[in-house]
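Read through the structures below before going on.
In what follows, chain A forms one complex with chain B and a second complex with chain C.
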Partner chain A sequence: MYKPLVSPRLAVSRRLTALTLTGGIVTGLIVCTCFLLTQGMGLSDLASQFIGYTFGDPEGLDQTLTRSIPFILMGLSVAICLRVKFWNIGVQGQVWAGAMAATAVSLYHIGPAALRIEAMFLAAAIGGGLWCGVCGAARLYLRANEVVTTLLMNYVAAFLAQQLLYGAWRNPTDSYPVSQSFAPGETLALLGFGHLHAGIFISLAGALFCFWLCTYSRVGFMARAVAANPLAARAVGIPVGRVVLLMATLGGALSGLAGFCIVCGEEHKLTQFVGDPDFIFKSIVIAYLARANPLGVIIAAIAVAGLDTAGDSLKAFYQLPGATVLAIEATLLLCVSSFEFLLRYRLDWVKTGKVAK
Partner chain B sequence: MTLTLAVNLANIEKSFGTRPALLGADFSLEWGEVHALLGENGAGKSTLMNVLSGFYTADSGVVEVDGHPVRYENPSAAAAAGIGMIHQHFKLVGPLSVIENIRLACARRAGWKTQGQALAAMQELGLQLGFKLNPKSRVDEMAVSDRQKLEIMKVLLAGAKILIMDEPTAVLTEEEAKAALGLARQLAQSGRAVVLITHKLRDVLGYSDRVTVMRAGKTVINGASSAGMTGESLSRAMVGAEPVAAVPRPATRPRREILRLIKINAAATEHGVPLHDISLDVRGGEILGIAGVGGNGQAELVETLIGIRKATSGEVIFNESPAPDGPEERREAGLRFIPADRMGMGLFGELALNVNVAVPRLLGQKPEKRWFVRKPWMTGIAKTAITDFEVAGAAAETTVRLLSGGNAQKLMLAREFAGHFAILIAHSPTRGLDIRAVQAVQTRLRAAAEKNVAVLLISEDLDEIMELSDRVAVMSHGRLSEAEPIGEVDRGKIGRLMLEMA
Partner chain C sequence: MSGILTAWLGTIPTFAAPFLLATIGLIINERAGVMNLGVEGIMAVAAVVAVIVNLSGGDIPLAILGGIGAGLVLTAVFAFMAVVLRIEQVLAGLVTFALGIGVSGYLGDSFENQPITGLSPLPAAWFAHLPPVLAGILDQDLLTYFAFVAAVAIWFVIEHTDLGLRLRATGEDAPAADAAGVSVPLMRIGAVMAGGVFCALAGTHLTLVGSHLWVDGMVAGRGWIAVAMVTLSRWSALRAIAAALLFGAVEALVPQLLSSGLNVPVYLIEMSPYLATLAYLLISGFFQTTADAQPADLARPYLREERR
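Right after this comes the complex of A and B.
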């Protein structure tokens, strides 16, 4: 008789990491495929929806790429915070904060008109950064757990936005709960491919910046030390609190910029749908699939955006509920995180012998 | 009396991945004996005993218990067969009480239904062994020696006939250690069999009947009578060569005063004591030894010195001017630190060796170098550390967690000895290391003093203090005695000082 024996791994090779990640994704995809097949879709339908339309069709590709712009920034936001073991569950609130800050700059004509969009960019980064930085400071000085604070700050931001949209910022011309549209100079330029706008450059630059920060900068190395052993980091003189605070603020700023890209690139005004609660979950999925690697975030964000695009057409053509896409993403996340077990432990089949009495 | 062996292990092999830990080890244990299992760190003592106690399964070889071949799939199968292991790091649940820990571990096996039954059993055993443990004490508030007693009771109440004690004296004071070893003898006399895993020669010569010595995964002395052994013959068997000569002590040439504390008071750590008016001074080129049992203010003193604990009053003086405040600034001012718990407060276990050596050096770097930490630079300093400090079995990219205790400590020294420094705080720098690693570390401390560094050596190991220090002070209950030149103190005087200050 053989039975499984689980033992902790001493060292983990890069190849093994890649293999487990691939294994998790493939397993997740198989499970999702089986699920969709039971929903009355054929294999060829699936291929055409998920691959053909999402990435092959200009309209689908446009949707996917446009969607991926804020997703990349939100994924980076969670990933950067994870580098110092700071759990950012507050992406939605930070997106709201960034979007509201940018909108305020537009509505109140803050700064010189020629530099308005730059001022909006800056305001969004500061807004998002503050929204998350406050939680970092609360952890540092009040020992408040960031999982709770960042989560609750989502609600603060969302209700503040509702308050503004139904109050001071309500559109004066038609009384809809949306802000006035931004002036032409206050939006991100279209790139001539459907809705794709200049925000893509912000996202990609953000990913490169984060890659540099984590891989080459001094702060990145300090962050690794802080995550690995805060006590030892403190003993060698690393300002542990400041490093955590900095990474949390940067993470928030990235989400704030995602809000900026949504209002300035897609909506051109503040609407009720800017800060989607699903962002919280999706940003975690993206950061996790990318193993908190900033360059990996680009790929993971495009993949998740692709799933969303496919989800829209599933809704339209197969009458599947919108939650289908969330279920697929959750399944992928579960599979990938379950496969992590194989990174930490090895599984052997051993021959069982006689157990002594 | 029975003629069957309690345990017979023959030709055991075990490897972890590609790293062989045991290469055909043998071991036999008789009922009624204390059997010392001796070897350097990494010789395979603990691995071999973990095979016996079911934590690991052997790749090949014979395991016989009480004359029958067995193969335990897990520790509870071994425990059910009467094998109990008292681990070096106790397996107790801190926030629970003594009796709760006992019930948790043994209720099912002992068949107790109520708290009363457990209490009665515990009290009966306590009387036999002469233990006085309050069943209601919370474990994490108990002294280390009491926790060890609890661990022993737990294993005995679970029905253990074969006891494996892993380095039982490592965490105890002199007196406690003697009591624990005496207890091992007592248990053996009651007909049980006791294995004493150790690397202290004293434990072997004074308290065991037979001794087995392991080196590099193999048995080199198999169950010889301890009576015929000398410290010299044992250490030769352990090390495999003539033991290295003691570190020579050069004539002392104390120079300029580099570190001074004036009437430092500081709050206690979680399990420690507050500091009361600590004053000391260390000159360049000398080692000031601070003797004393752990938990008497050493941790607080160390934290205050490196700048992560604020003194409530008093002054820290570096080079005749007030020391800067935080740990970063103090490090920059030339302070280096070897913590007692190298994996807890020193190294970054999950990170690669090169990152471990690089991180502290990044702090003092010029601003223009901060933007791009180059990998070749990291690899370079890592390789220098590995060669200069003879860190065995490691490359620049090795995860530090995988290093053995001795090699991790060598890496720790390599990191702290890099560059120019003026003050070295070494807290129990040789604890848990084998003979050769101890020699290497002590030689380095001496060498640092030779280079005019002010060395503060805080250690519970009196031999080490006496061998290395130029002056000695004693720490007790958060107070520090006047430092005295090594020629004017002896062990008796240090012992008296510990008592007088209480």
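Right after this comes the complex of A and C.
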């Protein structure tokens, strides 16, 4: 008789890491493809929808890249927090907080008019940073589980936004609950390719900054120590609490900037659709597929944005419900994270006693 | 005004029951050391399958069983990821959530907005001799009654039986439980599946009792609220009743306020239970009560071969 024996791996080679990640993604894609094939689509249809339209067609590419701007920032937000094992599942709330802060600066004409957009940028970063930093502080000083606090802060932000949109900030001349449109100087410039706006530079700069922070800076070094073993990190004099708090605040600020990019780049006013509840899961998919690597986040965010674009056209042409995209993303993440098992543990088959005779 | 009050009090149990069922399901999970964030997805799948079974000619008990079965399939996926593969539980839970929402949207696509008869309350005549307010509160359906009875029963099993002791030991100190002869993986899988039954029941309650139809996205964050309510009730199924009644009372208040035409900040009222839970978390954190009540091995995968 044989039975399985699971033992943790002490060292993992880069080759094995790359192999498991590829294996997970490929398996996930195969499963999703098989499902879509059963829905009456041919392989050529799939290729034209998922690759041709999403990345090859100007209209589809425009939608993909525009969507990837906030996705990169949100993915970075979760990735930065994951670097210190802080689960940020409050991205939706932080996006709302950033968007509301930026809108407040515009509506109440805060700061000199020439620096209005810069003030909105700053306000969004502070708003999002506070929204997540509070949860970091609660974990640090009050031992409150960040999974629950960041989650609850989503609802606080979303209801606050609804209250403002139906109340004080409502544009009386519009039949929808939206705020006044921003003045021309308060929006991000279009880049001349569809809806693509200058926010793409913000998100790319954010990714580079996070890469520098995690790889070369002092804080990034300390964060690695905190993630590996908080007790040992504390023993060698690393301020564990302050590192976690800093990374959580920074993560929140990045999500806040995603909110800024949505209101200033896409909507040009505060609408009901700024903080989508789906952001919570999508940002985690992005951060996890990128293995919390800021540069990997760029690729993962564009891929997830591409899935969204393809999902929209699947909805239109094949009558597949919109939730199908969520199921596809979940399947991908399921396969990738399940393959992690092989990375973390070694599976052996050992003989049990009875074989001896 | 008293009419509103009677109507409001009468609808509270219906609003509270799904919260209560999901919360006790999660308490069973978490007392064994597993954090299941997939509850929203499990509820959605159970809710839609119950409607599909009912629309396809199955009666109410069959619809409930169908909902439980569908919820358990998804729960098994979570249990496999979280307990067998030892993936980080937050991640496994989020995958389960998204899978459940996606699958329910896909399955329910052609059954949306089709009314079902659903589960009706007990005959009003039984309560005719009682004062109207009390009659309104007591005249509920069997699933709602079950939720409150189950909360007490689960509390008793967890706190006062041998099985409950083993369950709590697994959640508090998995290595010690293992050394004492409790099979940690089996106990955790059992707890996740048992908890999944209650989470699925919460989903069936939403469609069979609450809305009497399926609409995509109708679980609307109730599963996430249950996750927070576990903390609010400090991992006690008995206190979960109070927590569920609090959230149920606020949820039941909103439609009454809207129909009354009073000019009140509806969204701020809807926000209040979340703020109250946050405030409670922070205040109890200050006095160290919540963190002490949290099972010490919550969300920590256990492998005998792995030294800690």
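Just so we're on the same page, the second predicted complex is superposed on the first by the 339 of 357 C-alpha atoms of A that agree within 3 Å, B and C clash if a C-alpha of one lies under 4 Å from a C-alpha of the other, contacts with A are read in each partner's own complex, and residues count from 1 in each chain.
The working rule: a contact is a pair of C-beta atoms (placed from the backbone, for glycine too) under 8 Å apart; a residue touches a chain by one contact, two chains touch by 3 or more.
Just so it is clear, the structure is predicted and the values come from calculations on it, not from any experiment.
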Of the two partner chains, chain B (first) and chain C (second), which one does A:323 touch, if any: first, second, both, or neither? second
Contacts of A:208 with chain B and chain C, given as first, second, both or neither: neither
Looking at the overlay, what does A:5 touch: chain B (first), chain C (second), both, or neither? both
Of chain B and chain C, the chain that contacts the larger number of chain A residues: C
Where does A:216 make contact in the superposed view: on chain B (first), on chain C (second), on both, or on neither? first
After the superposition on A, what does A:149 contact: first (chain B), second (chain C), both or neither? second
Of the partners chain B and chain C, which touch A:110 in the superposed model: first, second, both, neither? neither
Scan A:234 for contacts with chain B and chain C and give back first, second, both or neither. first
For A:51, using the defined touch cut-off, is the partner it touches chain B, chain C, both, or neither? Pick first, second, both or neither. neither
In the overlaid three-chain picture, which partner chain does A:334 touch, first (chain B) or second (chain C), both, or neither? second
Looking at chain A, which of its residues have contacts with both chain B and chain C? 5
Looking at the complex, which residues from chain B come into contact with chain A? 16-17, 19, 57, 65, 68-73, 77, 80-81, 306-308, 326-332, 337, 339, 344-351, 355, 358-360, 362-363, 365, 370-373, 399, 402
What residues of chain C sit close enough to touch chain A in their complex? 35, 37, 77, 81, 85-88, 90-92, 94-95, 97-99, 101-106, 109, 216, 221, 224, 227-228, 231, 265, 267-268, 270-271, 274-275, 277-278, 281-282, 285-286, 288, 290-291, 294, 303, 305-306
Spell out the part of chain A that touches chain B in their complex, as residue ranges. 5, 10-11, 216-222, 224-225, 228-229, 231-239, 350, 352-357
Report the residues of chain A in contact with chain C in the complex, numbered from low to high. 5-8, 87, 89, 138, 141-145, 147-149, 151-153, 155-156, 159-160, 162-163, 166-167, 277, 280-281, 284, 288, 320-331, 333-334, 337-338, 340-341, 344-345
